[in-house]
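Each of the next two complexes has subunit A plus one other chain: subunit B in the first, subunit C in the second.
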Partner chain A sequence: MLGLRGTLLCRLLPEYSRDASGALRAYSMYPPTYIKPVYQKEKLEELIESGEAKEREFTPVRAAYNSHTSSVFHDSLVRKFTNHVMKTGQKSLSRELVEQTFREIKLIQLRKWNQTQTPEEKSVIECDPNKIFHKAVENCRPLLIVSPIKRGGVTYQVPMPVTEHRSYFESMRWLVKAGREKERTIHFPQQMARELLSAAKNEGRAVKMKQDLHQLCEANKAYAHYRWG
Partner chain B sequence: MTNQHLLPEEVNRRQIHYGKFIMHLSPLMLGTMYRLPNGKFRKTGRRPSRWPFPYNNVLPLALRNEVSGKGDKQQNLACLHEMSILFACMKKNDFVQSLCSKEINSFQKCHLNFLQAQKLKKEQEREGNLVPYARNMSHRQVNQLLKQYPQPK
Partner chain C sequence: MAVRAVAGRFISCIHNNELLLCHRSIVGRTRRSSSTQAVEEPRPIASRTVITNPSHHTSDHIGSWYTLEPNTVKRLFGHGGIPKPYRTLCDAFFESSLMVRQPALSTIDYIKRSNLNLPPNKFMLYGNNGVGKTISLVHITHFLAEDGWVLVHVPVPSQWRRVFKEVVPSATNPDQYDHTRDSVMWLQHFRSQNTELLKSLQLETSEHYTWTQREATEVGQPLMTLADFGISRARFASDCVTAIIKELKQCASQDRCKVAVVIDGINSLFCPTSRYRLEDLTYLPPDRFTIFRAFLSLLQSDWKNGVIVGTIDKRDNEGERRKSYLPRYLLRQKGWEALDPFIPIPVVDYDEVEMRSAINYYLDRGWLQSPHSGSDVGRKELAALSNHNPLTFMEICKSI
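On to the complex of A and B.
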């Protein structure tokens, strides 16, 4: 019934459209025929190789965001993280903070690299802040989350498997939270760099938050069968 | 009083007298079970422990021409076994993920499979096409068929 109503609404009102997952989305600027733009060079080459580009040749494309760029320095996860750092839409500030964080990581690692003597020890030290960031985010991703479900007047914290998207969200949220918990005299990029470095080593507050959640899930495992659709 | 020497037909007809009460050996008739022979209840202030209740016709005794979609709601209870295995491993290894990579992989694989199956089912339901000789139908398909061939009145 809903599906039927959805299709009807799509025809009647242009602001209703279906996204890729089939869910009804209200007030989209574009009708569902419009596809999302591909702005990464590698993905474009992939599409050309797989022959999918031929199919997309005459499909109308949505306008790209101004943060979509084919620069070699672009990283979609870093862009997402920048948005997590951002407060009240101050994107240029948050971008600056993330860049400073990366610079801080680079400086810390280079200092360490210069202090070590043997080449074996030097080879172990990772000096690429981007790689450290990715490792930190991966290490903070939870396997399970708890969701409050009310049964018989009592709200239970029910453990549930987490989707990939949500796990990245939680991971970056914890990292930013850990970066913000600091002394007033310490600047955010410095604290954030420390947190990212320790998270990359599976230590630190963000990883602790993840483990706390896992422990909560384990404690509430008896309620696992309470979850529903 | 023993009724062993009696034939079944006679047992049915016979009644056992307990004081003023009459016990029927035939199938229970709730309307008369608690009453005195004159059709009234005793006046001792005692009520029958089980009141005969009248049949209450709440819903019409006919099948509807539609089914609700409630039964089709997919249970979100997948991967419980994998989850319990994962919990056991995590607890044993003090919540160090690297020591439970096998369990984690199997759990995530199970969840991914479940999500894909759910998505596929949703898509098929949305299309709502009637498949000839299909064993399991969605509520939409059943409703479509019931619309074409309603219940006889």
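On to the complex of A and C.
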């Protein structure tokens, strides 16, 4: 019973996984028939326009998280990043740190913006922290990753393509790691702001980590065929 | 582009299936960023007033912003007076601007209409946290400086009670305790605010002050020599503050100058305890600090040609007495009697016009970067999130 259907369930619904005995266990409090809530006004309107809302009308819906908000200033990637910054569940602290980071970015860029005189130079300076953040995350996303595979008693680091989801994960993990490598006297938001600004310019430690990984993939390309059999 | 090149090189050497997968992941990469698109709107211009002299501000200017000259800011508030978060913003904006608001305007109007032959009028700004009491006080202080008042400005008296640099037993009075470095800092503040004015007024000392066997200040010296002596000899700085205040009161009573006392967080002077501990481990009551006694003497009604402006602030009280922002509660019996009678001036949150003007100013200076913040929905959300409170508004705007 747990053969193909179980595997499929595992793939489709991440909250289904196998325990030590190999039995399938649902960790969610909701049965798989429940759909995820749509909490943004624009997406809701899209659903209504496309007629999909009609189909969902009588489908039971899961409760929304308390971090789901219909605010116009909400950004799902920033919310995800907040979770990466978070330690031991201190969400309010991590949110404060991310907000401070954005404030630092704005202060740095606005000082630069006000110092320059000509409108041409001003137009080059990007002051929107959200855009800088998105650019930094995009710049740090890897194209390939390595995975350890054991062949003939030796573990090889085999290059593999990366899923979109995983690439975002790696990118934000590297950014946070770069933000945490700092002098004791420098506060996290300041360092994080510097890292994001340099990552947006394709510089800095987080981008270096990505390039190092790409170099490893390049060096290990001879093992690429170990992916199969 | 460098990343793509690396990927391209690599893709060419692996299996066809691999290529397909890689290609798919690259195609997928623009998907997320395109979902966060928003409508670009032209950036609004802040409503400003070109009148930089606060005495010419009228109720027509309420809600508009006026800019202080950098030199004025340095002279009047170089040693404190503008809260740090606000100063950081001013630094980033390359200008120090204030919104013209009703409490400051009414206070300025009352000061203009005061009868200076009577004991000084006391104007007390009060209100909840972050409504703009200190910023209103900055506006009023600017007016007083332009209007030719000698300023006795105390930016943060609660610091002397809580986070003082150094407290030592007084050199002259065994019952009292002196702040050495804090008094020096205040004297520097006084000097920076009043040097030019005191030169033209030519106020002189009326008493002979003996500091040590060798050091003394003679009768008939310019008043600033007292400040200069205090700055060079920290041990006597608190006594110099007392002497300056005594001389200023005397000069004002003789119609030789007019003195404005500006104290931010005046309720701090009436708190029962300080954080300084004596040898028997009891906490020293602040009225045994020399400088507290000096400033308390200014609140008496035994002089004229003066005005007293202060704020009554929750956060300047000690932790257990911050439940209400109303003056009687924060001042206690002691402060209420010391200040009686005073004119209470409530400071409240932004109204609709001021809220709109504040959002426009932040948009104009580029502090609000999100493309949604200028839209109607964004404005409504900002107003609702901040509850029209200026400080909360500044807080929520930091990441937007």
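Quick note on the criterion: the second predicted complex is superposed on the first by the 203 of 229 C-alpha atoms of A that agree within 3 Å, B and C clash if a C-alpha of one lies under 4 Å from a C-alpha of the other, contacts with A are read in each partner's own complex, and residues count from 1 in each chain.
Heads up, the rule we're going with is that a contact is a pair of C-beta atoms (placed from the backbone, for glycine too) under 8 Å apart; a residue touches a chain by one contact, two chains touch by 3 or more.
What you see is a predicted model; the values in this text were computed from it and never measured.
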Contacts of A:L47 with subunit B and subunit C, given as first, second, both or neither: neither
Touching A:V98, do we find subunit B (first), subunit C (second), both, or neither? second
Which partner, once the models are overlaid, touches more of subunit A's residues, subunit C or subunit B? C
Figure out whether A:V72 sits in contact with subunit B (first) or subunit C (second), or with both, or with neither. second
Is A:L144 contacted by the first partner subunit B, the second partner subunit C, both or neither? both
Regarding the shared-chain residue A:C217, is it in contact with subunit B (first), subunit C (second), both, or neither? both
Pick one for A:P129: touches subunit B only (first), subunit C only (second), both, or neither. second
Mind working out whether A:R111 is in touch with subunit B, subunit C, both or neither, as first, second, both or neither? second
Once the shared chain is lined up, is A:P159 touching subunit B (first), subunit C (second), both, or neither of them? both
Counting contacts the way the document defines them, which residues of subunit A are shared by the two interfaces, the one with subunit B and the one with subunit C? 143-144, 159, 161, 163, 211, 214, 217-218, 221, 224-225
Within the complex, which stretch of subunit C touches subunit A? 2-3, 6-7, 9-10, 13-15, 18, 21-22, 25-26, 28-29, 31-33, 36, 88, 91-94, 365-367, 369-370, 372-373, 375, 377-378, 381, 398-400
Where on subunit A does subunit C make contact in their complex? 71-73, 75, 77, 98-103, 106-107, 110-111, 113-115, 127-130, 134, 138-139, 141, 143-144, 159, 161-164, 167-168, 202, 210-211, 214, 217-218, 221, 224-225
Would you pull the subunit A residues touching subunit B in the complex into a rising list? 1, 3, 21-22, 143-144, 159, 161, 163, 211, 214-215, 217-218, 221, 224-225, 227-229
Please output the residues of subunit B touching subunit A within their complex, sorted ascending. 73-77, 79-80, 83-84, 86-87, 90-91, 95, 97, 104, 107-108, 111, 115, 119, 122-123, 125-126, 128, 140
